[in-house]
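First comes the structure, then the notes that go with it.
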Amino acid sequence: MEKLYALTAHELISLKKSKAEIAGSVHDRIEAVEPRVKAFVRVNNTSSAEGGGVLSGIPVLVKDNICVSGEETTCSSRILDGFKPPYDATVVKKLKAAGAYLIGKSNMDEFAFGSSCETSCYGPTRNPWDLNRIPGGSSGGSAAAVAADETIMAIGSDTGGSIRQPAALCGVVGMKPTYGRVSRYGLIAFASSLDQIGPITKDVEDAALLLGIIAGYDEMDSTSVDMPVPDYKRSLVKDVKGLRVGVPKEYFIKGIDKDVEASVRKAIGVLKDLGAEIKDITLPHTEYAVATYYIVAPAEASSNLARFDGVQYGLRDKGARDIIDMYIKSRSEGFGNEAKRRILLGTYCLSTGYYDAYYLKAQKVRTKIREDFDRAFKDCDIIITPTSPTPAFKIGERMNDPLSMYLSDIFTIPANLAGLPAISVPCGLTAGALPIGLQIMAKPFDEETILRAAYTFEQSTEHHKLKPKL
Amino acid sequence: MTKYETVIGLEVHLQLATRTKAFCGCSTDFGARPNSQTCPVCLGFPGSLPVLNEEAFNFAVKVALALGCKIQDLIKFDRKNYYYPDLPKNFQISQYDMPLAYDGFIDITSSGQSKRIRIKRVHMEEDAGKLMHTPGYSLVDYNRSGMPLLEIVTEPDLSSHEEAYEYLTKLKAILRYLKVSDCDMEKGSLRCDANISIRPKGDTKLGVKVEVKNMNSFKNVRSALEYEARRQVSAMGSGEKIVQETRLWDADKEVSNSMRSKEEAEEYRYFPEPDLVPFVVDKRNIEIIKRGLPELPEARAARFTKEFAMSEYDAGVITSDIDLAEYFEESARLCKNIKAVANWIMGDIMAALKEKTVGIKDARIAPAGLAGLLTMIDSGAISGKMAKDVLLEAMDTGIDPKVIVEKRGLSQVNDRGEIEAVVKSVVAGNEKSVNDYKAGKTNALTFLVGQVMKSTKGKANPAIVNDILKKILEGGV
Amino acid sequence: MKSIDKKVVEKVAHLSRLELNEKELDQYCSQLALILSYIDKLNELDTSKTQPTTHALSTLKNVFRKDVPRKSISSDEALENAPAKDGGLFKVPPVIGSK
C-alpha cells in the first residue's frame, strides 16, 4: 500500500482519506526530505482546513508570490521581508472555499525572475531527481515539492514558462491557463500582460481538478474573462482520434538535448498510433520570441516593482537621511542581482529615445508571433513541442551567463506572448535519469482539448508513475 | 507692457464627485480619519489590480461633450512612472497619447468680443495621497489616493490674467451644471496650474514658459498671473533671461518664488497600462449622452434673456452658477414680477450670502418664500423697506417671510383714513417744517414723511403718505 | 556588439532608484550590452504595418465596476506592515523640496 503522501488528490478523495491522516503523512514526508529538497519557504504547521469542499483536507502548496492573508508573502526577496498582506488572492479564496489545506509557501526565483530557482534570497531549491541540479524556475519550489511528494498539489505562476519548465524538469504536470482564465488579483505582479496562475500536480486528472477550482471570472481583475468554466473532468477521456497535431519545425532546432528530442518525437508517435493526425507546421517568428519577451517583461516588471520602496511595507533602510536616499538604499539592499538587472533593462527600454525602438517594437513583434499561432490553429487543434531544450542543469552552471539562462525559456515564452493555454506533461527520462517534459499548446480558452490530449498520452504511457529516489 | 503680449495656458484638475474612487470601491467622503478609506488597490499593495469606476467614466464623457470635445475612438490608460511617497505604486494611472477627449472649446468675452479658448485635451487619472511635512519627517495619508480626477488642458490661447479668470469662471459654471463635481478650490476638488510666457507683440513663436502652481482660488490665479507677466516683462526689459521653471505662488506675500528642486526634468516612461483594457464609447451612445446633457450656462442665459426679457448682463450673472439659476427659475415661476426676482436675488440675497460666506443652497429662504415676499410688496401688503428686513430675518432664521410679517405685525398700512389721521397729527405738531415746505424747502417734505413713518413704525404705505401729505400741505383736506 | 554608455546606465539606475558601485556598474554595463545586442535581432523584422499588442485578449473592452462602496480595510490593517507610523499616518524621512 502506497504511502498517502505519494498519492494524487483524486486517489485520496476516492479513498475517502481523512484530513488528519493526509496531513500527518505529508508532514512526515516533509520532515524526511525537505532538508535536502528545500522547496518550502514556510511550512504551515497549524491544523488543516476546516469545512468540507471538493479538496477537503488536500494539501495545496502556494507559490510565495501569491498573497495569503496574514501570512508572510515575500516573492523570495529580501525587500518584502516580513510583509503580511491583509487580504487573500482570489485563487486562495477559492482554494479555501474548496476546503484545501494550505500547507505552506514555496520557494521561487526572486519576483519570478529566473528559470532555475537560484535567485531566491533563501537559496536554491534542489531538483529531487538530482539534488545537485536545479528544479527549474521560477516555480521551482512548487514543482520540486510535488515531485518529492512533499505536497499533493501546488499552484505556481507562469510568465515565460515558470510553471511548465520546472514541471518538465521535475517530472510533474504543470499548466499555464489562457491569459484571463484565472484571476491575477493577489498575484504579486511580474509582467502584467503575461502572468497567469496555474496548477502543478502529479497527473493530468489532478491538474483538471485544480484548474476547475481556481479558474473563473473575477470582478477584481479587469483582465479576467467572463466566460463560464467548463467541467474539466469531462476532458479526461482517452480519445485523440482525428485530433490534428501541429509540430513546428522551429522548436526542433540544433542545440536541444538529443534525449529530449527523441523523447518528444516518441511521444508524438504515441499520439499518432492512437489516431491523431500529425502535421508539420511552421511558426516563423519563434526565433524572435525570447528577444521580444526580454523587452516586454522587464519593462512591465520595472514599473510593477517600483512600489517596493520601504514606505508602506517590507525592507526600509532606517539610516536614510531623506526620502530619495531611503528609496535608493532600501531598493539596492533589498533586490538581488537578477532583479536589478531586469529593472535596469526594463527602465532602459521604456525611457525617452528608446521606447519606440524597444518596447513599441517588441509589442509589434508580439503581434506577429500571435498571428503565427492564429494561422497555425486554422489547421491544427493542438501544437506539440518540447517544454525545455535541455533537462535540469547543474546548480550554478548558468548563473554567470544571463543570456544562456534566458534561452532556457525559448519554447515556453511564445505561449505567454500569445496568451495561449499550455501544459507540460512528463514524457520520459534522459540517459542520465532526468525528466523530460512534453508541451501541448492550444487555442485560447481551449484547455479542454489540451487536457484530453494530455490525459490520453499520459494514460497510454507510464511516465507519470515515475518518482525520484529520495 | 505694450511691447509684449502674454500667452497663458491653463491646466485644471477636477475631482469627480462619484461615491467611490477611480479604481476601487473605497468611499470618497471628505474629511475621514487618515488612512481609513483605503484598500489594497488604492494603497498599491502588491498583487492589487485596478477596475475602472463606470460612473467616473460617464462623468468624464459628459464633461468632454459639454466642452465640445471629440471623443477618442479607442480610449486607453497609461502608466506615468515617478517616485514620490504620496504615490503608492510609484506610478500614476493616467492617460498619455490616447486621452478620453480632445479639440474642445470655451467661449469667453474679451474686450467686448467673443473669444474662443481651445481645449486641447481632457483625460482621466487617479489622484495621489496627501503628504504632510514636519521638521525631521513627513507623513502620508492615502485617503485621497485613487480619487478620480479629470485633467482639462487648454491651448495657450489666453492672453491675460483677466481672460484666465473668466475662463475658469465659465469652466466652473459648466462643470457645476453637469453636477459632476462641487468644484471647490478650498476643498481641493478643483485645482489649477498655469503656464505663462511672454513674447514681442505680434510674434507667433512661444517664449520660454514658466509653470505657476499653488494658486488656491480663481482670484489668486488672476493675481499670480498678473504678477508673473509683470515679472517676466521686467526681466526681459533688464536683459535677464527667463528660465523655464516652476514657481509657487505665495498668496500672503503676493509674489511667486522659484521651486529649487534638485531633480532635472522627470522622465515618466509612459507605457500602456496592462492591467486595464481599452474603452470605447460608440457613436450612438455619444449622441444619446449629448442629447441628455442638461441645458448649459450659455444656452440658459440666452433663454433667460428671451423668456424673462432679462438683460444679457443680468442673465449672465444669474446663470453663472447652477444653484443660482435654478433658484431664480423656481422663484420666477412663482412670482410674476421677474425684474423684482432678479434684482432681489442679485442684490439683497447675494449680498447677504457673501457676508455669511455661504451659497444660495444655504440661503434658508426657499424660492417660494422669496416669491411670497415679492408678491406682498407688489400687493402693497408690506413696504419695500420692511421687506428688506424681513428677508434678512428669514435668511437668519429659516422662517417663511409670510409668517414673519404676521408674527411681527409688519403688514403695511394702506388705509387712507388711518394714514390721514397720522398725517394731520404730524402736520399739526411740526409747524416749522410745514412753513419751510411752503417756503419752497423740499427737504421739509422728506422730514415730514419720515415723521409719519416713524409714528406708524414704518408700516404706512409711503406712496399714500406722500400723496396725502402733499394734498394737506397744498391746502385743504 | 553593442556597447552601452556607463552614463546611460547610471541615469537608468537613478530613474529606478538603485545605486551601483563601480564594480556593479561595469558588470551591469557589459551584461546589458550583451542582452541588448541579442535583442537587436528584432530589427531584422519589418513591423511598419503591424499594430502593437498591449493586451493578449484583444477583444476585451469596457470592463467597469459600479460606483457602489465596498468595505475598506481598517487603518490598522493598512498600517500593519508600515516600517514607521505616527498617529494613523505612514511616516517617512523628510521629503526635500515639495512637488
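Observations on the structure shown:
We just call them A, B and C in the order they show up, numbering each chain from 1.
As a convention for this text, contacts are C-beta pairs under 8 Å (C-beta built on N, C-alpha and C of every residue); 3 or more make two chains touch, one makes a residue touch a chain.
Everything quoted here is computed from the prediction, not taken from an experiment.
By C-beta contact pairs, the most connected chain pair is A-C. Put simply, the chain nearest the middle, going by average C-alpha positions, is C. With centres set at the average Cα position, the gap from chain A to chain B is 57 Å. Work out the mean CA point of chain B and of chain C, and you get 41 Å between them. For the pair chain A and chain C, the distance between C-alpha centroids works out to 23 Å. Listed for chain A are residues 83, 86-87, 193, 219, 222-223, 306, 309, 311-313, 323-324, 327, 347, 351, each touching two or more other chains. Those residues of chain B in touch with two or more other chains are numbered 40, 43, 51-52, 83, 85, 138, 140, 267, 269, 274, 276-277.
Chain contacts: chain C has residues 15, 17, 54-55, 57, 60, 63, 65, 73, 78, 90, 92-96 touching two or more partner chains. Listed in rising order, the residues of chain A touching chain C in the complex are 82-84, 86-87, 179-180, 193-194, 219, 222-223, 225, 285, 287-288, 290-292, 294-295, 302, 306, 309-316, 318, 320-329, 331-332, 335, 340-341, 343-345, 347-348, 351, 358, 360-368, 370, 402-403, 406, 417-419, 444. Considering their complex, residues 40, 43-52, 79, 81, 83, 85, 88-91, 138, 140, 267, 269-271, 274-277 of chain B touch chain A. Against chain B, in their complex, chain C makes its touches with residues 15, 17, 54-55, 57, 60-75, 78-79, 86-99.
Within the complex formed with chain C, the chain B residues making contact are 18-20, 24-27, 33-40, 43, 51-57, 76, 83-85, 131-133, 135-142, 259-262, 267, 269, 272, 274, 276-280. Those residues of chain C that touch chain A in the complex are listed here as 8-9, 12-13, 15-20, 24, 28, 31-32, 34-36, 38-45, 47, 50-57, 60, 63, 65, 73, 77-78, 80-84, 90, 92-96.
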